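Next up: the structures, one after another.
In the two complexes that follow, chain A is the common piece, with chain B as its partner first and chain C second.
Presenting the complex of A and B:
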């Protein structure tokens, strides 16, 4: 009787190892660096690292650092940084919007050229973000706003567009 | 016949057994995991392709403590996933998961729902909304839960707010707000169908199809039908069978990054078996009647959301709702029109203003079925004008915020009423928050308090019939509440979260039933009646505002993830009522009635296991303390649901409700003997295309 329980526990542990949501999102961020083309002027120098910045509250914990450990793209070392102000995003190539950043629209506009904006939730791409993660039946999926990526001078590979849950072209209204 | 084994031999046998099991156990631990889900260390995830990453199932989505975490209200969110996994077949059953909510099933199609006490069949002091549409009837000041339904699969979440609402506006949010939100049609693309049956849920079928272009216009249509058997009746008079059908649609159009529109509507028709009291001034004077209530209706809702620059936005909403109720003892037809506007403006980096206004017109026709239950005038058109203003001030950014607000309303039977509120939220560290609030709230009178004549037959005295009658009280005043609340939330570790809330409510002018006059002879009824009855003796009574007092209590709701595949949630809710009656002669429903129909203690423990990639098991334990005024002893019961996912499209589930006893009484709300709620088991087959 007692061991029926411990057998069950062991079996559960073995069979049900599932990653956390942010482990998978970190893996996606790494993949985005491989399926998106950044313009040459997005980098300060040929040897500058590729910076993935987390703006605001960081939900990744160690997951992002572990995933980027020892990785590089086009010869540039990948680095994870934490920033707290939107304008600092200009020095990054990719910005992930942590959950506390409320005024996304304003922050995205100030990120500027050569920065891939990644965030969470349905409304992220409608607010001007380029890639928005959503959870669909416990799977991590993402929507793409192609217009936002193109405005930032980025080229998205067709492979990335195919895997996305949906691809939109939402132009931002030119508001004064 | 086998000889009894000698004791020491049995021990040897036992030891051998245990040894065998221990070996088996370690064997299992030592065994390499079979070809199951891939390893998920960072190095393994790195090597996966985009397609593979999109297929991995993650542990139950990280709880969204952030929105609730920084709300200075006692809010609990029941997610769509919680509803599906609980096996609930109706919205009131799904509400049992929330702390502080009292759900008691009266019979097959009726529930008493309350938040922090005052639960009644009509939930008169709880504001209930579905996608922004208020679903309460001004006739009785409450919500007929039996007609509030939608495709449960397409519910995104139910937000339950205990205590007077914040930015949710409108009267009657005195003890709480229940906000049912369905998923956008963009999230319900493809096909869904489910069907099943069991002993009490005798048969049900649901179907939905959604399509469209996620860039622009998406839509869905759905239909559902069910037939339900009666609950347990000790007199074998099984009057409460229930069947119905409902269908509806939703369209969402994203015109641009700035504008989006939604149009949705539903139509329903159902037959609810019920037993009602009938009384009249002509023989047979009094009795009960079993019959079917014919309920039908529909609604259509339009929403426009526009995002302005600087993070501002506004929303305009309009809806029309029609309900038809034909019951053995009364009939009602009601048309409701409503238009609301809401705007969010950021005044500065530290201050945001939320404001809005709305108008509602509710036009009801009462159809008399028995002379013992009359609304006069039979046709009444009520209007409600409301506005609200809420100022959210960030006193110390990310640490201390203040929220000041006021709701203002005016109806045709209250003058102008103001409901101010003030809330403070302190976030001393990233993982804990403390909030306090004060609200002054109002519950407006209903037709049932102002225009209602309800008679009951008392007997014959000296050859003349004697009746007691509740007469209309044109001066019934709004019920008032001064609510003081506080709460504490803490993310103790990554896998343990605690949510605590306490309240102290001071009530004034609560609904009471009072005797207002001694026996007197009456020759004509005070309302028009085709055939005036012979002279009779009347004892007059009225609904008045003579109850007052204090209710106080607390709720604690922990959530714990002992392992990645196991989530344990629970809540304990405590309520203490100290109500008194102002000097007057109480009739039946005095303070004892309210106190005795609100549970002092409630416990819910809910365990969710993801046993394997394809297997889910959910177990729920529920305890509700005794409700002596409605003849319900304290009870403990449990629900269970196990589901197998055969492939990405097909799921088979078996669910059981009220499993501990064959039947138990939760609330005696029907005439006659109390109806007991049966143990129910049913199976469902589900098919999804996405």
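Presenting the complex of A and C:
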């Protein structure tokens, strides 16, 4: 009974404040950690936190920090970091590219082993990113470049693939 | 419609078999259906929970990334389960992400947070939280399953049970036909046997035993019962036949008795156990001149002499009351009015139990006999009177002869010459012998007198007296007299003494050269005491065994053996008076033994007699 009231309350609240696009995307970033398997050598140390890094312009504001507050992946604390250049090896496990500039795209390629790259639009996929957000009829969805993720040594859950709008296999070499 | 208990066993068996089968099947069917519906519900709950978990698991990504399409796709897989009415996936805020409905009109129920399976009459509602791998809840799955399947199953089972029921009942009916032969056939045979017995009354009929079970035992018992009845029937017939035969025999006996009674010269009569006369033979009518009816009506008292009436009736009543034989002398009136003496005897006839069934009596005309008896008695009395008075009257002259011949002998001894002396001696001797003779004659007549009353006496004491009386003669002869212990007898002491004295005198008299040895003994012999007086005298020739007891019988007439020859006659007279007898056993020269018997008496007899006296 109490739970039913809780549920009803939560639902009412959700109606009151429709989440913004980046609130959703922040939540997606968190959720990706649940459907992707990182290799053990993706971390600097056994106790290292799981870092979600925002490269370049930060579109999330407080949303990302809020959503990651208190969360963890396989015992590792989740934390958000803002970085301005390509991250050092094993410093970030997920990198969100806030821009689609060419050099940034290059940075995507340089993102090494054990890093899930997430960006905006189909171009990001084509540029060699693993997951690209897409607005489909005002709804946040994403495409997946399975080849990029596999190159980074990541294993994507079939459920994740199932939810993606489309799954590609774009090899790096074919990129211009 | 007949009630069940009156139906034949055949039908009962069929009905019972079929009812049992049907009941068992119905119960089993109901049990199976009930168990199945319960078990199936449980199975469904588990199955649906699993299904919900799988669907929820497949929906995690859809919820995590808010993708209704993939969620709808996931739910669409439920189409394979025809009884799933619908399913809904809710976001964590309770809004619906995706819906699946198998039919129109399905509406998503409000989400339930907890993992539950709710069951209503016609549907199961499963709620399953959708949880990410880190335990975060991202939404809820609700699944509605219609239970119409259970009804279908129940119908299917019901139909199956019904089919089996019909088939089994048919089979049971067929089987019971076989059972009927096992149970009903022996019963109907038994029934037929019983019917036959009651129709024909022939107890020789037996029912056939077909099995060793209770029915077989029943048949055995039935047969045993019949055998019992048969033997009893036979017995009864035999008894009836015997009875008829016995009745015929009785009739024959009666006829024989009548014939016998009619042909007898005596007057015969019979009387009931109570003494009332119920039959007189023809001799009575001939004698009395009365008709049979008259005799039968008033009985024998009507022609009895008035003087004998009272005595006769009293004696008859006493005999009837005591069951004792009746023996009575009385006078009956002849047709011409003259009374004649009759001796009437009657004996009770008894059955095996000792009860008197009737009296049979006869009356004999003893008028002539009576006449002769009277004459004889008178003659005897006269004779006795004569003998007594003669011997009594003779004593006086004899005494005179003795006295005066004695006086002459003494006073005229010198006057008489030798011849005179001798003649006087003859005279004296003759007188003495005459005196003895007279004395003995007196004793003999005395022995017949009835004045002496019999009383219990010690025969030893009597013997002593006898010996004392004879002491002179014993001393002269030098005899030795001995005796065994002797019993007490019921006799006049004087009579017994007379017997002893005579026998001892006899023994001393007929002696040999040797001194007499006389021994007296007694022994019980039947109902009597047998006394024996043994001597060592000259003995008696067997040819004179009888004659010696006659009056004045002497075997030896020479002077050597003096005596009157009357002693043994006196002994015989006394002994016979008391109902005994006397005899002698001897060989010449070997001594003689005289025996006489005296009836023994019981103390009770004595007591009765003394109280009566």
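Following the convention adopted for this analysis, the second predicted complex is superposed on the first by the 147 of 176 C-alpha atoms of A that agree within 3 Å, B and C clash if a C-alpha of one lies under 4 Å from a C-alpha of the other, contacts with A are read in each partner's own complex, and residues count from 1 in each chain.
One rule holds in what follows: a contact is a pair of C-beta atoms (placed from the backbone, for glycine too) under 8 Å apart; a residue touches a chain by one contact, two chains touch by 3 or more.
A quick note: this is a predicted structure, and the numbers were derived from the prediction, not measured.
More residues of chain A are touched by B (comparison of chain B with chain C).
Once the two complexes are overlaid on the shared chain, A:28 sits against chain B and chain C alike.
Of the two partner chains placed around the shared chain by superposition, chain B is the only one that A:67 touches, whereas chain C remains out of contact. When both complexes are overlaid on chain A, the residue A:54 reaches neither chain B nor chain C.
Look at A:122: by the touch rule set out above, it reaches chain B but stays clear of chain C. Look at A:20: by the touch rule set out above, it reaches chain B but stays clear of chain C. By the touch criterion defined above, A:149 reaches neither chain B nor chain C.
Of the two partner chains placed by superposition, only chain B is touched by A:135; chain C is not. In the superposition on chain A, A:169 makes contact with chain B only, not with chain C. Within chain A, the residues touching chain B in one complex and chain C in the other are 3-4, 6-7, 10-11, 13-15, 24, 28, 31, 35, 71, 139-141, 159-160, 163.
Across the complex, chain B is touched by residues 2-4, 6-7, 10-24, 26-28, 30-31, 35, 57, 59, 61, 63, 66-67, 69, 71, 99-100, 102-106, 122, 126-128, 135-141, 143, 159-160, 163, 166-173, 175-176 of chain A. Only residues 18, 21-22, 24-25, 28-29, 31, 33-34, 36-37, 39-40, 42, 45-46, 48, 50-51, 53-62, 66, 184, 186-187, 214-215, 254, 256-258, 260, 307-311, 346, 398, 430, 494, 563-565, 609-613, 690 of chain B touch chain A when the two sit together in their complex. Residues 58, 60-62, 64-67, 70, 73, 92-95, 110-114, 132-134, 136 of chain C touch chain A in their complex. Of all residues in chain A, only 3-4, 6-8, 10-11, 13-15, 24, 28, 31, 34-35, 71-73, 139-142, 157, 159-160, 162-163 touch chain C in the complex they form.
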